[in-house]
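Chain naming follows the written order as A, B, C, D, E, F, G and H, and within any one chain the residues start at number 1.
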């Protein structure tokens, strides 16, 4: 708990009269994050939530992504960037040769010291169809780099429910379940009714017209008749994995 | 094929010079429907689609409903009114004592001569929850008065999928299947994947907030990943039964 | 009924003690589908619903499409892929030279043994405008490969209703009717009022701004005042043909 | 052109030095409207658009409606109030015994000197169903008090298109056509394709769930594939009649 | 009235026994339209609504556009195609060198014999901003080829209302007014309150984010507080001009 | 700046060792707000934003409203409650006889010491129609109790723009302008183009069907083509007045 | 694990030939649920998910609620009904005097043997405002009956962020956090950034117009920029508590 | 006040008989704006609202942008164009070499004589994330060219609230605050609760799927529970700066 110790030290030094009020404020600020002007990198998030701040690359310039990745890599062993283009990867690799690019998941990862994984506590990631793979791989790799073992169970949509039922034992062996589906998103309800573990549902924008960019799956999952289902944003595999990882690390 | 014979008679009489052009037009009109001014009752629909015009009572005054029911009852043996209030029933009963009111389904029926039902060809009506009963009973009674045997399988939503699987043989014994569900409407996809018969899906407005008056179930069913599923309007049990009955009477 | 016989054999062998419980589970799984990891191909769907699993190509990589098509072609005589790009076709053709590409409909087909078609039972496919052709051809070719004769009646939108009325006899000669329209989708209601056969309506995303990617036609068709109309997803010609084919093969 | 003459007089008097600048402004204001504080009644609208300002009663207090009706009745021979409740009528009648209430249309009318109607130029008002009558009567009575002969053709929805075709000659005899329909609103497209007169379409909020308070009919009519159709607000019979009356009085 | 005379001739010949029933049907069909298979060209629309069928080019292949334009040009003096690409123009020009392309309006026109225009009856076309020009030119050129004089008044949005008021006399000199605006579409209400002529409002998809592809302007115009305003589809300059032309040719 | 002084005192006492860390925390909390369990009343908001916390009564029980009003009245001279029912007023009056109820605006006010108003800096409140009065009075009374002089200019909607132009001088005399309109909300754009002061726009839910509970006015105002217009929530007269008051008190 | 043992027994008896195939099916069905016809009560859900099936009372008749409650009470010690009216309570109490009604939360509870609660693992329930109490009490009482200690922290919306920060230590003492907020739902993001525990967010339908029955809070929470936040349906306090309880019981 | 003096001169000359009525009208028009046909440039807006008309470049042709920029540059010292492409810049630079292009903000500026800035009155521009920079720079540069000092505080989203609290003093030093955020837009509420200055909120279209092109942030900000927040259009940095500048120049 580096951050809280820092705070206590600063406070006691202040009380002891060793440092002035202005100094207190300045130090607290520096301890917290690095200010690049266009971005403020939150270092204590790694303590507070178990992993350093993750870079959401979309909408940033290539230069910004490179600069942020470098700064994070200088302070943390493991770094994650989401929604990264191949171009961003090429640029980052020049500065940080250890970076890896996961094309289908559009992730950048640096993993200098893999976190320990508890093999008794797995996260199952279930998709309705093959077309959901960009999202499921975003979730799976995120969960892995955050220190979780992952079980991938893909293409078991409810229209052929025996494929799902065949995997029931495997699914029930997991500690947390992520369900990823487009179209009507029904898989979340069916899985939710079959397991007694928390289910994180991710609607995807996969489907014909009235999917409306994921709206149908989103509403379907929010209205799930099964208990123990909560929902994250459309196509947000990263967010689901983050939530699942937090739950999975609870003791 | 009363209507088409009528047309042929009128045409041949016209060609023979027995009736003038104006007379042709007037006769054709009378043969077709009765004009009450505020409503035009379509008598040949009973030939064209197997059942006389059905009265959609909502939005009509009580007086209009009574007048329309009387006119239809004078021309047809069986009559059906949907979305009828208890007040409408009381008013109609004074004129047509044989009318029956199905409270939960909000239907008015007159059935002087029940249509023959083919016991080999049943319509299964499946609901996700007990709260869908107003719609499922609207569908069931409509299907029955139109000459179909009905199998009711209620409260088998996908959150407890074994309840549904237990009924699989019964469901597969039907010729046409109607699936009625609110919330996320996932039941349609699951049933659609389990049977090789046409499935008519009815979204209902049952559910918590983001159901948005049936929108979630509607979108869910339209995006069904199962083949052989088509959808009717929200809460439209009548329409589903009508469609199912047409299919069920095909030879 | 290959699948059910398989099941019975497996069960009786198990009871006779010839095979262990684990073996039962493994065999059941293999009989059902082929697991490619990223996809699970459902072989018994060809028995349960009359045609092997159809490949929805959009959102899959070219490599995945090739692998899935090859696997299906090794197990079934006829194979269908929807929403395929020309690039996918080129890649599949290298492995399966018998594959055909239907450019306007974006379909891949392999038809080694055409199914028998009942010339007494045709499916009519009616469009409102020429711009609906990508969808109507998707429907028509799907219906044909599934063993149905198809009547194409194109560009008979309701703004020139005599064009539609001229074709009435032809339309009425069909056993099932598919109506495809963008803009306001009114064609479904008009056709629904003129025939006594089931009408499957397909809204399309054709039109000016307030069409909102097919929403106007979708809502129009769902609210159809005609009986015997059910709706599939926007631009889903495949789904309509599938539904129509199931109905058309009922006896 | 009372208003423009007034303006010219005031301007020439001002130029002649008979009245001061402030006086000019004050007089212009008084000529234009009466200011009740909570409402400003626009008297020259009767010159500019052929009928005095119409009172939209909904959302006003009973006292406000009474005061506005009195003021208008003191300046104009004919007065119209829309969306009036029965309570408002009772209150107005105490002050203005000549007021009439049209219950189904929710209109208040005072007609001391009916406008001359040109029997060669009629407005046809066509509805899809009986449930559209509150809107169609709002339109019809508005059109009549604004000096137009009206042809009412009710309950000719497209699901029974022969009912509509029977009335074609009558419809074509009109100079302007108002089409009123809920559900999918298809009637506007069909009528628009059959006549060469301007069609004003009014979507209504009549229908099952996915009508979404008139949205389906609104989008349907806006996307009409027929030329010569323009649309007013949902349930706005008054607005359609106003537009039709302006067109009908053009020479 | 070529079409109606044709019908009468055919009918009287039929009654006289000169032609058989089948022959009647075939002739009626040929008189009406040309069937190209993928399209049915409606020739009597030129009589019924004053101009031949207009080709909506979007969504059609280049080959289809060429074939339709050729067929129409062989039967009519003037032809109009909307939403045409430059490529379509190049292809059509090879077959029909007299075709003209209006780039900003995306229109194809052939005008071999310009219709007579009544200089007393003009159509004013008013836009809120310069960015609305693709739509306003679509409207203006459509109105002109349909035989109307057009007054163009561009970039007079309500944020600088004196620009609009300066043009008031010019606007009031028109017989029909088309108002074209994106963003909030307020121009329609302001103009509607200033003129006593029918106003056809066209919402455009011009604007920042919450314009939602024209939705804000569409809703704004539908809710116009001014009388005498009716609305066509988003970005539908053609439809507005068609409606305005029909009104402008009424006598 | 009572709150900041309090903080400084507490901090210096803490440094001096007079109070313990726990005590610091407890005192800071008490200084800030009163905790009623179900509600936390924020007393320093009166310093930070110039007026004590305002009670949003809707959705609270009558008992809760009474208790909150009493607590606020015990600490502050002036208190405001919004969206209050008449029943709430009756209950509060029993405890706080000085409370006043503004029926049309649904406000509860206690004003023991009116704030000083700067007569050089007025807030103009302009409405499009009389039906907008509940919202405009909510705004006006809120602005007054917060120490502003208010100019009410009601029923000057853009359909009769001369009524608005007549008031231009009066409007321009204000320091801040609030524009309140339903239907298409065009008034905000027109006023925004005529004044050089900030305009706060309030969309209202007044209007026919496609107003969609204020959506049309909301989108219209957000898309205003005039500079210097910002928007608050639908029917939120209170919020507009609050914003206007903050601006009006800037020096 | 009563249910799984039952299954094993049945299977081994079947293999031993003691029971026939039909008998197996029938027994499995009875073990699972009680079939009341209109409802199927799922008894093994209490094993699979830790609590017996919960009755969603809305949309059911009073008779149905009574019958279901009686059946559940006969099989389980603790029973929960949601969205119950006072009338339902009165009817149930006649049959089951031990039932309790929680008026603000609209819950029916029977708690004959309270579940053991782990005082080290609390669920914090945080609301933005007092008006969110019906939802937060639904969540709190649900969580309690399912065996969790609850910390209630109400009315700490982000507009007065110091109220929230004051409670930070208390919030961080919880094992799982439920955040309930209407309006913009920002509280979920702020809390999500401050804790390292899973946050379940519940959007409520509390707020002014553009809240659109909870849509604004729903979208806000789904788009939360904080990690570790997942969302349930609008106003679904029950669902949030269920999800939190499942997480809270994980070991 | 050049414009008003002009008007007075013209009026007095007219009264003196020196100029005729037609001449008056022509002169008034010329004084107001330059009419380029496709655009009307409003010169007195610089007097009425403190800055010349700003060019919204999107949707205009390059030629139109060049012509408008040239005309404005000939009449005003400072000119601003928004949503300009690099191509437009290249074309304008050929005619006006002093033009500058701000790539990330997509602005064209000509600033021949910078307006005086009051260093006591700054505008703070706060963003939630780095991806909001195109909008925040549009706002910042607009505010600067309109004569305001700007404080940029970027990437202080609420998920790491200490980053925001660190900047509180800096934020409170500003006179007006602009808050720019995508996703859930919660930053506006938090800032609104922390400052006693007016807050202009700009929702951006940054975010995952259910952001729906800025809708989530827009609704979030409109529903802000903080007082003193008003909202402009999605991604409309320009509009926010304009509004802030008007407020900031009030005395």
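Observations
In this section, contacts are C-beta pairs under 8 Å (C-beta built on N, C-alpha and C of every residue); 3 or more make two chains touch, one makes a residue touch a chain.
None of these values were measured; they are calculated from a predicted model.
Traced through touching neighbours, the fewest hops from subunit B to subunit C number 1.
Homomeric contact subunit A/subunit G is classed as same-residue, with over half of its interface positions used by both copies.
Two chain pairs, D-F and F-H, are compared here, and F-H has more C-beta pairs in contact (counted per touch definition above). For the copy pair subunit C and subunit H, the superposing rotation over Cα atoms measures out at 180 degrees to the nearest 5.
Residue-number overlap of contact pairs with B-C passes half for only one option from A-G, D-F or F-G: A-G.
Averaged C-alpha coordinates put the centre of subunit B at 58 Å from the centre of subunit H. The geometric centre of subunit E is 37 Å away from that of subunit H, both derived from CA atoms. Within subunit B, contacts with two or more other chains are made by residues 129, 160, 194, 207-208, 210-212, 218, 222-223, 227, 233-234, 239. In the complex of the two chains, the subunit B residues touching subunit A come out as 128-129, 157-161, 182-186, 188-190, 192-194, 207-208, 210-212, 215-217, 219-227.
Across the complex, subunit B meets subunit G through its residues 104, 129-133, 154-156, 160, 162-163, 166, 206-212. Those residues of subunit E lying in contact with subunit C across their complex are 25, 28-29, 32-33, 37-40, 42, 45, 53, 56, 58-61, 64, 68, 203, 205, 213-214, 218, 233-236, 239. By the touch rule above, subunit B contacts subunit C in their complex via residues 48-50, 54, 175, 194-198, 200, 218, 222-223, 227-234, 239-240, 242-243, 246-247, 250.
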